[in-house]
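Remarks on the structure that follows.
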Amino acid sequence: MPLKNAHKFTVPHLQVLSEKGTLDKKLDPGLSETQLLRLYRAMTLAREADQRMLRLQRQGRMGTFSPSTGQEAAACGPMLALSERDWLVPAFRELGAMLMRGVPLHRILLFWGGWEEGNVFPGVERTLPIAVIVASQIPHAAGVAYSLKYRGEKDAAVVCYFGDGATSEGDFHEGMNFAAVWKAPVVFICQNNHWAISTPQEKQTGSKTFAQKAIAYGIPGIQVDGNDPLAMYKATRDALDRANNGEGPTMIEALTYRVSMHTTADDPSKYRDTAEVEVWKSRDPLIRLRNLLNERGLWGEEKEAALLAEIKGEIDAEVRIYEHGIEARSDIAFDHVFASPGVELEEQRAAFLESRGGGSTNA
Amino acid sequence: MPLKNAHKFTVPHLQVLSEKGTLDKKLDPGLSETQLLRLYRAMTLAREADQRMLRLQRQGRMGTFSPSTGQEAAACGPMLALSERDWLVPAFRELGAMLMRGVPLHRILLFWGGWEEGNVFPGVERTLPIAVIVASQIPHAAGVAYSLKYRGEKDAAVVCYFGDGATSEGDFHEGMNFAAVWKAPVVFICQNNHWAISTPQEKQTGSKTFAQKAIAYGIPGIQVDGNDPLAMYKATRDALDRANNGEGPTMIEALTYRVSMHTTADDPSKYRDTAEVEVWKSRDPLIRLRNLLNERGLWGEEKEAALLAEIKGEIDAEVRIYEHGIEARSDIAFDHVFASPGVELEEQRAAFLESRGGGSTNA
Amino acid sequence: MVQGINLALHEEMQRDPKVLVMGQDVGVNEGVFRVTAGLHAKFGETRVIDTPLAESGILGTAVGMALAGLRPVAEMQFSGFSYLALGHLEGHCSRYRARTHGALSVPLVLRMPYGGGVRALEHHSESREAMFAHLPGIKVVIPSGPRNARALMTAAIQDPDTVVFMEPKHSYRAFREDVPEEPELMDIGKAHVVQEGSELTVITWGAMLRKTLEAVSEVQAKREASVEVIDLLSISPMDTKTIAKSVRKTGRCVVVQEAPRSFGTASEVIARINDTALMYLEAPVGRVASFDIVTPYFAREQNYFPGVEDIRRGMIKTLDY
Amino acid sequence: MVQGINLALHEEMQRDPKVLVMGQDVGVNEGVFRVTAGLHAKFGETRVIDTPLAESGILGTAVGMALAGLRPVAEMQFSGFSYLALGHLEGHCSRYRARTHGALSVPLVLRMPYGGGVRALEHHSESREAMFAHLPGIKVVIPSGPRNARALMTAAIQDPDTVVFMEPKHSYRAFREDVPEEPELMDIGKAHVVQEGSELTVITWGAMLRKTLEAVSEVQAKREASVEVIDLLSISPMDTKTIAKSVRKTGRCVVVQEAPRSFGTASEVIARINDTALMYLEAPVGRVASFDIVTPYFAREQNYFPGVEDIRRGMIKTLDY
């Protein structure tokens, strides 16, 4: 066995709906009207909510947050493929995914507003909260997926999001490896939005694609046009099918772009050209899907206006809940250190309450 | 750009000297007689020293250690390619590599005997001590390689060893990634000896080869017959050339086998078949190289006997140094917490000396 | 102690199908110290998982399992490698309950052999319980013998939050002790008064308990001192009440700690005595501990870890103060 | 303080070509807090490295550079992510010198913004200096103002061993202070007596110093108490002598710590007072600290961190004891 190319690997690239709006018939996942409209609504809601959050933040009505404008197809496309039995394990830039999951917007506002209540999703099962420690959710997803297998839940899988930067963390590697060894039912979605704060791909990795990192784990990796919601749906659907068939994890790289700042505390003009941003703005995933809807006669200016009005109302209502609706017992943190606080913590709680003059307040 | 196999990767497999002893002329690295004899001597010394250490340990004259019998080609082949300007960053199962580097055997005995002196190599530059924390030496190697680049030392590179199990650690991933992004001059040698204590490859990774993990970093990965010393030399030589040309890191997977126990505290019969061990014993790298030497008329029974006698004498002498030659000031640890101990530590040293009745002793 | 822990694992896995065991070499090989003996044979490889070699991956996936309702008992092969998993311990185990106001929690046990005196390689001899104990939301327990090891492990597995279970490997096979037929459940957070006394309180935990008891008998033999000995068992939460009660009674105290002197558990014990019993003290609280140096390799580890003689001397000093 | 640290980095990089800066977004972006402003422009990307997003990789490669003779100043973007690098801190930074009896060492600085009160996201508000300080072989320093920040950073870079340099981000832009033209070199391991007094010693560090000074003026204004204030500056090694001298003089002491109460630096300070000045104490040492709970999200973080009023009350309590 002398020098020979013993092992060969390929990483496919998937696009279903081109930038110009042409649909690849062979690859069309055949979404129903309802599904297409649901997807478009979700993406629009995510966009509008994102813009509103930016304003709330600028007005001092919310804390620092990480906008997701431009990434709606990557966040929402996959979610159309999920059932209630599947788990969602997000990073922190999947507003659209969380909304599609049924997490009310006001919960997300609460999160960025500095309230733990933003991680509590009453009635929404199998959904982990936002993960702030980059990549740490990846082994969690592998563990959740193991538990599905352990319990014999063959109809369920995990969808786990993370960014391009996250792939550099040891936890990405360890989580992917565990999932692969276990053939655990999990779909890893890397939102390659081309930046990790100020770090571009070439400073993040020596590899041409992020999808090829799947080869290291012996699992399929696929690079997808992340601004193409149909491709994102299809890739996820296929990966979920593999997972449900016991074939293990898949890694999807979604090629997209963070058109806004990293967080509201960030100034991207320090490190990137607006020319690059403009190129990507012109690839707006909302426009792409709207064009398809238009073409199919499912959409028009009137419908668009009505949708925007409806969404605005919805967002207004959620903002109101966010700003007025939360009981803010100041000592609640003492309740949740452990299942039961114990003597010492109760003593400290008393000291805490005394230190703020006793009683509870509303924010 | 619809579904297409956009990216292709290959992992070559290298063998120069087959198990049967046939040499692939096209791939022959053309080692000189002297080099071949040096290599054979080094491998034999490693084997004999390993066996002696096993006895020393069993006799209670040394602590737990990790034998490397069977892995001599993977450890020694690469070292033939190194110059004094290159760095060696070992794991803990590269006895042959350290000896070839010029580390005296008694230093290695001291290490496994529980003496820090086993990490001090007077006169041997650019050689890190044994790394006990699996994979932690990999980012170190990347950092050392960066320093070579930083200083413009174009004639120097780093050779870093680790095991198959080490590839699962986050530090493997992070170290490889940094090295790749930096195009740092480093050769990563994964000794795939098929076991990480009791864990076989299929529980360690979902990938068919370890070499393919290189693809994740956009660097070349090559699988090498790790019991073929010429192939190990050649792969390392090529990788060092790449490194010196500024082309960055390479990963070499050496397919070999741990024919002995993990450490002297381990009982491999609990987890693996002797049949497998026997197969690999029959692939002994020493025999393979000896056959070549024989064929070339460079070797014979007499020479073998003389070499073994010489080596035995050498080992005897080193064991004597190990067992008698070390000054054992008991409080020396206080000297080396920081460059200078400071008031508090000096007070603690006084207490320490008092606690053992003062003064220093020899072990 | 190995058998005590092993028994608890068998019993709990039998009792609750949600309990599983995971770690490096814990399955077929039954653990490098054989703490998981018999589990793989009995419960199979789905419940007794030989994981890849990755500490953060072990704890991180265990967190995921726990969030999904399982009860993993995850092993770090040696505590010296547990720092690689600290991201999940600090970032998730300790916080998920707080983060979600109780909607999600991480009920898992993180086992790890720790401690010195067994002539082991570098990184295999440290005691760093204080680092974990500084994290709110994490419980840290340390058994000192076979019986309390089994009872503590049972409690740790049943605990609704993450428990770091540190196993003093020096005590793994140090002595035998009968354990009751029926599983016992120890109350995490309670110290154990091993023997009562009125003139001096000695507080310790883990492998230091046996050495302390030896030193105590020596002292008692020589000078009829009446010594109270407290086995902390739970490092965090710490049983301040039991400590305070004892020191108020005796007025003198020595804390014996295997870890380096500074920033260790002994310092916290002293701080709590300061809070609750300072005015009863007739002497400074004695600290018998290792030195603030890097653990020497085993050829020179003698006299680095506190020995019976060091403890005896510490006691005398405090008694004579 | 941002400018003080930045100045030291400029000066040291100018002075010594072996010094380099590395971390996430420290180059082109000049750091998320602009601590590395101007460095990339001045020294280029080889000496001011934007690394991949991997904390263990950052510290691990910095260890390699240091072993090869460079002097890296590595940044953890927030201390909350530094736990991912603990493997190298505990396993190598703290030990390489001991491991090789001085043949090899790891002279690097590990910078990290830490601490709360800036309405930040989860994991961005903790103070865990005590965890690092428990490690023998590691120095841990914390500046409290622009001038000592610059002098400490200069010393840290020139130090032949690993120094963990924790930057209280609450103080980053809190106030201005003149710094001398010439670089100053602070003696790591020495505390600073900020003001002398005879009735009470208050010991603190980092962002708590300003709050403490406010509380002290309030108390002094109301009741003519003579208060001595000590800024620890070096958490490890800790300046026991200065602490002991002060407490022997005043007989009363309060320690103000931003971190949770238990197993923190305050406990170590108390233990050292126990060792060196117990019999001078007229009251238990007061501990003003955060609670042993998971840091609440910022909407509820008020009153979690010690405030001026808490410190004032702690002082009064100890004075009135």
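Labels A, B, C and D are assigned to the chains in the order they are written; within every chain, residues are numbered from 1.
By our rule, contacts are C-beta pairs under 8 Å (C-beta built on N, C-alpha and C of every residue); 3 or more make two chains touch, one makes a residue touch a chain.
What you are looking at is a predicted structure, and each value in this text was computed from that prediction instead of being measured.
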item	value
Set of chains adjacent to chain C and to chain D	A, B
Distance-maximising chain from chain B - centres being C-alpha averages	A
Averaged-CA centre spacing for the pair chain C and chain B, given as whole angstrom	36
Intercentroid distance (Cα basis), chain C paired with chain A, Å	40
Sequence positions of chain B contacting 2 or more other chains	116, 133, 168-171, 173-174, 177, 181, 203-205, 332-333, 336-337, 344-345
Residues of chain C whose C-beta touches two or more other chains	51-52, 54, 56-57, 80-81, 84, 87, 91, 98-99, 122-123, 136-137, 238, 291-294, 296
Touch-based graph of the chains, sorted into line, ring, star, complete or other	complete
Contacting residues of chain C [partner chain D, same complex]	56, 80-81, 83-84, 86-87, 89-91, 94-95, 98-99, 122-123, 128, 130-131, 133-134, 136-137, 236, 238, 259-260, 262-268, 270-271, 274-275, 278-279, 281, 283-285, 287, 291-294, 296
Of chain A, residues touching chain D in the complex	63-64, 113-116, 118, 132-135, 165-166, 168-171, 196-199, 203-205, 265-266, 270-271, 328, 330, 332-334, 336-337, 344-345, 348-349, 351-352, 355-356, 363
Complex contact set, residues of chain D against chain B	20, 46-47, 51-52, 54, 56-57, 59-70, 72, 87-88, 91-92, 97-105, 136-137, 139, 160-161, 189, 237-238, 240-241
Contact set on chain D toward chain A in their complex	24-25, 27-30, 32, 50-57, 80-81, 84, 119-124, 261, 291-294, 296-304, 309-310, 313
Residues of chain A touching chain C in the complex	87, 116-117, 119-121, 128-129, 133, 136, 138-148, 150, 170-171, 173-175, 177-178, 181, 332-333, 335-339, 342-345
